[in-house]
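Right after this note come the structures.
Same chain, two partners: subunit A is paired with subunit B first, then with subunit C.
Let's look at the complex of A and B:
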């Protein structure tokens, strides 16, 4: 059991998402950074999709009611256990009654927005439509279908193994993507790409887009050069997925994120590939991001590269864990 | 520290009234030790070099890996020179593929020296850090 002592707004229980329910009008939800979640679970011997707490705002403080292995991945928020620093992206042991505090992320080699508190055995809230993720729009899933509040007590599952004392290098540092020194995500042109002017195309690929403060789990509003279609476009609402880059009338793009509604009607100029959504999900407000045009095959290769990184992480963590118990 | 007879006599008188078995005074000129034995106090004066080599704890690489003085996410080293350390504090890292293992201080003390190059591949037993223990006789 984890007791929430101090939760800034919008901390939620999330897993890898509620896959396969878009036909019911139920969005994906799930962590904004699935690589950080899977890495944390690998460090703790959990299944890669075990649920954790996603923390977008700080400070955040919890008390562990029983002894448990945990790790804090994602943004480096200077975690400390009873006032003693613990390393980010490391499996650590917490004794019963100890308090974990996460602070506002400081300047880091990888500027990131969200931290993940993963525990051995995972956060054990009930499955709803096959997922433990909080569905904020529908107020179900996760912990009582809402963000965590002070005083909440969140149950944890049964630990399967541990790699306490071992850490991982964040994949953003291991498999980075950038253009001209600016963090980048790979993008495929989408259905209405050809309806935009050549100038809009050129701008899409060359602008360093700013993540505006109107950005959250539902979507990121970007600031930058205007993207104008050759003629006004009127579309009926249709199914959309996280990653879709829509361009409303103002010409400033919106990228749909994990809590996006499953339909929309704005023209779609592109889609951020699924394999790079974790990079975008960690982009702090005020930071800039570039779009890197890619092909279908390159998009699939990027997904395979993520899988390879996770498999290598699981293998090396288990080898080191074995050595330490000898 | 040339053994100033007045100072030694004063310290010896104070020690006689305590349970303290060893007093060590360190300075730039060397180290003075007063050791309580069955028949009274014995005085030891150590030259700076001898004192340093005897007093320093050398932290060795526990296995093969890439030596890092800072967490890959962090801009600052885990423990800078002169940093006050508690036993168990993380002072560096070994990287094996995507995996990190923390190197910890074996004792309370001060970070005296970094003995390996940041980013270099080091083998088992390579000296990584020299730690000046805070108290004499503290073992890893």
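Let's look at the complex of A and C:
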């Protein structure tokens, strides 16, 4: 059990997302940074999709009610256990009754916004429609269908092994993507791309887009040059997915994120490829991001590179764990 | 969108969007439902999600040879027969106007009709559920009378309650839970459209239909 001592707003229980319920109007939800979740679970010997706590705002403090292995992945938020610093992206041991505090992410080697508190055995809230992720609209899944509050007690599952003392280098350092020194995500043009002016195309690919404060798990509202279609577009409602870059009438793009509604009707100029959504999910408010046009093959190769990184992480952890038991 | 040929486009590497040509009709929607059932059986497709005369196919694993996938889809479309449907019809009691219908005045102003005519036009059709989307349990309905069509609001309302009956452009619908909306709310119903503890969780599915029954008008 984990007791929430101090939760800033919007910390939620999430796994890799709710698959298969789109025909009920139920979107994906799930972690904004699936690489950080998978890596945390690999470090702890969990199933890769075990649920964790996603923390977007700080400080955040919990007390472990029993001894348990844990790790904090994602942003480097200077984790400390009963006042002693612990390394992010390392599996650590917490004794029963100890308190873990996460602080506002400092200028780390890797800029990131969200931290993941992963525990051995995973966060064991009930599966709802096949997932433990919090679905805020409709209020189900996660912990009681809502963000965590002070005093909440969250159950943990049965640990499969011990792995404390093993760490990983974050993938943002291992497999970075940037253009002219600005973090970048790869984009495929979408259905209405050709309906935008040549100037809009040029702006899409050259602007360093600012992540505005009106950005959250539903969508990232970007600040930058206006993107204008050659004529007003009226679309019929259709399915959309996280990563879709919609352009409402004002011309400022909005990227759909994990809590986005699963259908929409605004013109789509492009879509961030699935393999780069974890990079976007970690982009801090106020930071800038570039869109890098890619081909279908390059997009699939990017997915393969993520899978290779996770495979390497699995090997590293298993080799180090074996060595320790000798 | 009234192109003469179906159109396919990518939603990144996650999905492919198929859009049927022509005006939005129930006949086309019945073919979309049939195409969804067919495509759901393909190994490369994880979910087939109908929209309004369109279909989103979520990839199980995005295919390297995308052209072959698209060609197969368009070919199946050219031959597919409309899905027979025998959905059930439910009556929804609606209180029009008042606190539960704060934008009735805007619909009056835009259409130039009186409230009684608006209610008569809104309650006369049987609306078919074309698809679910937007939020858990929400139904996209076909069949609204264009005489009461009213543009979406310039400034969306931050929170309208579950059960809100609203008009957005030439569509009407009922919110299944509280949330933001750009549509004009003209009434309220207290039906529960989605309950995660129920099997199935959604009250309605594509092919079912809705009739709005006026229980009261608050002026």
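In this section, the second predicted complex is superposed on the first by the 326 of 326 C-alpha atoms of A that agree within 3 Å, B and C clash if a C-alpha of one lies under 4 Å from a C-alpha of the other, contacts with A are read in each partner's own complex, and residues count from 1 in each chain.
FYI, a residue touches a chain if its C-beta (ideal position, glycine included) is under 8 Å from a C-beta of that chain, and two chains touch if they have at least 3 such contacts.
Just so it is clear, the structure is predicted and the values come from calculations on it, not from any experiment.
Judged by the touch definition given at the top, the superposed model places A:174 against subunit B, while subunit C stays out of reach.
Residue contacts after overlaying the shared chain place A:97 against neither subunit B nor subunit C. Once the two complexes are overlaid on the shared chain, A:130 sits clear of subunit B and of subunit C alike.
In the superposition on chain A, A:235 contacts subunit C only, with no contact to subunit B. In the superposed pair of complexes, A:161 makes contact with neither subunit B nor subunit C. Comparing subunit B with subunit C, the partner in contact with more residues of subunit A is C.
In the superposed pair of complexes, A:244 makes contact with subunit C only, with no contact to subunit B.
Within the superposed three-chain model, A:275 lies in touch with subunit C and out of touch with subunit B [touch as defined at top]. Applying the stated touch rule to the two superposed structures, the subunit B and subunit C interfaces on subunit A have no residue in common. On the subunit B side of its complex with subunit A, the touching residues are 63, 71-75, 90, 93, 95-102.
Contact residues of subunit A toward subunit C in the complex are 19-27, 128-129, 135, 137-141, 187-191, 234-244, 261-263, 268, 271-275, 296-297, 299-300, 303. The touching residues of subunit C, counted against subunit A in their complex, run 1, 7, 9-15, 17, 19, 24, 46-47, 49-56, 58, 62, 64, 66, 131-138, 140, 169, 171, 176-177, 179, 194, 196, 200-202. Listing the residues of subunit A that touch subunit B in their complex gives 76, 85, 87-90, 107-110, 165-171, 173-174, 309, 312-313, 316-317, 320, 323.
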